[in-house]
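What follows is a set of structures for review.
Across the two complexes that follow, chain A remains constant while its partner is chain B and subsequently chain C.
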Partner chain A sequence: MNGLAISSDGLTKDYRKVRAVDDLSLGVPEGSVYGFLGRNGAGKTTTIKMLLGLTRPGTGSAQVLGLDILKGHLAILERTAYVSETKILFESMTTEELVRFNRGFFSRWSDEAASKYAALLEIPPRQRFGKLSRGNRTKVCLLLALAQKADLLILDEPTAGLDPVAVDEVLRILIEDHVSRGHAVFFSSHHLAEVERVADWVGILDHGRLLLEARLEDVRSQFRRITASGNGLPSKASPPVLAWSQSEQFWKYIVTRDSEQFATALREQGAAVVEVSPLNLQEIFLELVRKEAPCTSGSVGATHAGVV
Partner chain B sequence: MLIHINPSTGVPIYCQIESQVKQAVAAGAFREGYALPSVRKLAAELRINPNTVARAYQELERSGVIRTVPGGGTFVADNVPGLLKSEKIRRLRPLVRQVAVEGTQLRLTSPEILGLVAEELEKLGGRR
Partner chain C sequence: MYVWKCWRDTRWRCLIYSALLMIFLAATLPALPPDRPSAAAAFAFVAIVFFGLLIGIVAAVSLGSVSIGEEWDRGSLEFLLTRPYPRWRFLWTAWAVGAGELLTLATLPILLSTVVEYYWFGDVHAWRLLKVTPLLFGTASTVYGTTFLFSMLLRSGRKGMNAAFGSIAATVLALLGYGGGSRSMVLYAVDIVSASPKLLMWLPVLLVFPIAAQLLLERAEI
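Right after this comes the complex of A and B.
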């Protein structure tokens, strides 16, 4: 399966007149922790549902664990654990009952893991799901997913509503018990600091389109913000420029590689290069998806070629 | 283990681990034969991908700081091999240049900059 846990090619989905996912080509390497980022309504949940066969794509194709999402979706569901964005389970069942109910569906279910996670995450065992706080509901969903001992975890906002201690514990469990066994985690999140720590790949989705897919180490070592002042500086978002903006005589570029060469080229055009600095994930995210960001290359292929 | 990482700087995490281990060895905090945690354990402790830790360990092993005993763990190497003086200088020069540039931009005088370097050396020496 090309070393990819998830791959998609031109995945597109329309809801009536709205294009929720637009020509999406993802590549999630085996054993990676892939942070799938985007604003509310960017198309993350729709993508995840297509990958799991819970909704059909309009056009395009995808493989999960080497299985086609249309032909193999039952096998995919058996080998993949999923935490949904909504985190809805039977309201009247207690945690213990939910565990008993779920274990029968999964051939590799581990009772030992289930009780371990219930203890680690301090989940009340005998309260009805409907009476649990938002954070505790999330924990129950995670418990049910993790105890499946699946080959792949697909988690839609797995830390929503959790307190910082619980988030930390969840990350530790994911690394220790799942990623260390060579299995991938594909998760969406709005907590960029947490993504930055635990993920080794990121994809940024906006209006259904993948604006960036990159290895986080490359983002750290090669992505740079270049601020320059001058007149008539390049205003094109073509590689290695991922995004640019201008205010008065100041130009700001985000380049995905070769920042020194780019700065030199600017100087040769008579610009004064004020700063070449690294960016964190939050800054890159804001630059790419903020409404007033004037231009992004949107050219996923180019980003792939240059960075990935 | 006294490694901490900052995921939001422009420094790759594997480099952060690599340089902290080197620092700890240089400062004598990790002595010869000191057993480093397993890749899996350190990854879980730092909440980072095990591949990142593995890469840091590979780099450290390549530069002779640690050695891995198959199935037996990872240890600080017995005698960190002596690099050629010229190679040591080649590696250090960019960092020194950065200190010089930053220091000058902050309008510190040469004696002040040198004084800072001397202080840091002193701190390392104090722990040996």
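Right after this comes the complex of A and C.
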């Protein structure tokens, strides 16, 4: 499995004339928590659906838990737990019935875990799914996924609709009960603070293209915003520059490493370096996806998970 | 487990249509002439064919649109297809549960007729009526399979049901135009009954619709 729970190579998907996923090559290390970020319509859900065999890729290939997504999708589903973005289950079934229905499909299903999470998440066992609040529906979906005892959790907006206490509980469960056993979590989210709290790796997708894939620790320790003023400063994104922008006389660069060397190089070109500041995930995300056109091609300047 | 779920989703419909069929057939009992067994038997036969076809067709459309079609409507197909279970097994399980319910529905008139004949006339000629079962089941299964296929094509049970009723209406109108009236249609149905053993040979044809639906589901992108 070359140490990756998920890997893809040039994965592309078109819906009629719209390219939903464009030449996506990502790597999710085993035992990691990977935050898959992007705006609405960025291609996150389409990517997840391709990984689970719900949608066929146009070109490219991908492996989940070392299994090809086209040839081994049933084996992938046996070892992968998935919570969809929509969180739609059978409205007329109670939580108990959903548990009974679901456990028949999975050989590693744990009734003990199901009971434990139902109690922890305070899920009403005998209420019909259709009568549950949005938050409780999300909890039921998470309960079904967690009780599978899967090797990989793929979660599409897993905390949508949950109150802060429930979010805290869910994230704690993910880390303590799932990741601590060496299993990977691949989740998409709009809540950058949550991602920053639990993820080891982040991937930022926009217009179907992976703009950044990096270890969050590297983002914290090495990614910097350099603000400079001057004439004839570089205006292209090539490593270590991940993105750049210009407003009035100031040029802003986001560099993925070697920020001091880059600042020195700017000074040597006659620029005045005003500030070198660390960035949080939200700032990087906004900087990357706010632009009309992606400013980089693929994961420029970032470390690819596959080479760790 | 999916069998249980399919049965759970459709059991009320099955019970309601069974009850309706029994009520309609029971309502014809007072009209049977007790002193003329052969006339009574002929009348009962036509009643069974008429109500059996009517209820059977409505039930077939209803059941055919529920199974996988309703999963499309509800959006629960995504959940279902991320269980480690081949798609064809989901489809054929759903189809088999509905087909079993239709077979039950097609057999009910025979049971009722047997009871009625025994108590009314002291004699049982149900073997003649057994010929009705293939007609009712064959017709209902064809309609059921068609609805199944429509639901898959249109990715919606509701749309599948509308398309099925539309196609049935078109078929009835075409038959009326071809046969010259509703009386001819009933006679036509009775003629088919007399050849009902041959209908068994047509059973593979009934499987064409779910097979086509399976091919669609196997290729469907959710």
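Keep this in mind: the second predicted complex is superposed on the first by the 290 of 308 C-alpha atoms of A that agree within 3 Å, B and C clash if a C-alpha of one lies under 4 Å from a C-alpha of the other, contacts with A are read in each partner's own complex, and residues count from 1 in each chain.
One rule holds for everything that comes next: a contact is a pair of C-beta atoms (placed from the backbone, for glycine too) under 8 Å apart; a residue touches a chain by one contact, two chains touch by 3 or more.
What you are looking at is a predicted structure, and each value in this text was computed from that prediction instead of being measured.
By the document's definition of touching, of the two partners only chain C reaches A:Arg56; chain B does not.
Applying the stated contact rule after C-alpha superposition, one finds that A:Ala199 touches chain B and leaves chain C untouched.
In the overlay built on the shared chain, the residue A:Asp9 is in contact with neither chain B nor chain C.
By the touch criterion defined above, A:Ser180 reaches chain B but does not reach chain C. After overlaying the two complexes on the shared chain, residue contacts for A:Ile88 are found with chain C alone; chain B is out of touch. With both structures placed on the common chain, the touch criterion links A:Leu77 to chain C but leaves chain B unconnected. After overlaying the two complexes on the shared chain, residue contacts for A:Phe101 are found with chain C alone; chain B is out of touch. Listing the residues of chain A that touch chain C in their complex gives 49, 52-56, 74-75, 77-78, 82, 84, 86, 88-93, 100-102, 104-106. For chain A in complex with chain B, the touching residues are 31-33, 168, 171-172, 175-176, 179-180, 193, 196-200, 217, 220-221, 223-224, 277-282. Per the touch definition, chain B reaches chain A in the complex via residues 5, 7-15, 39-40, 43-45, 47-52. Listing the residues of chain C that touch chain A in their complex gives 1, 4-5, 8-9, 74-76, 78-79, 81-86, 221-222.
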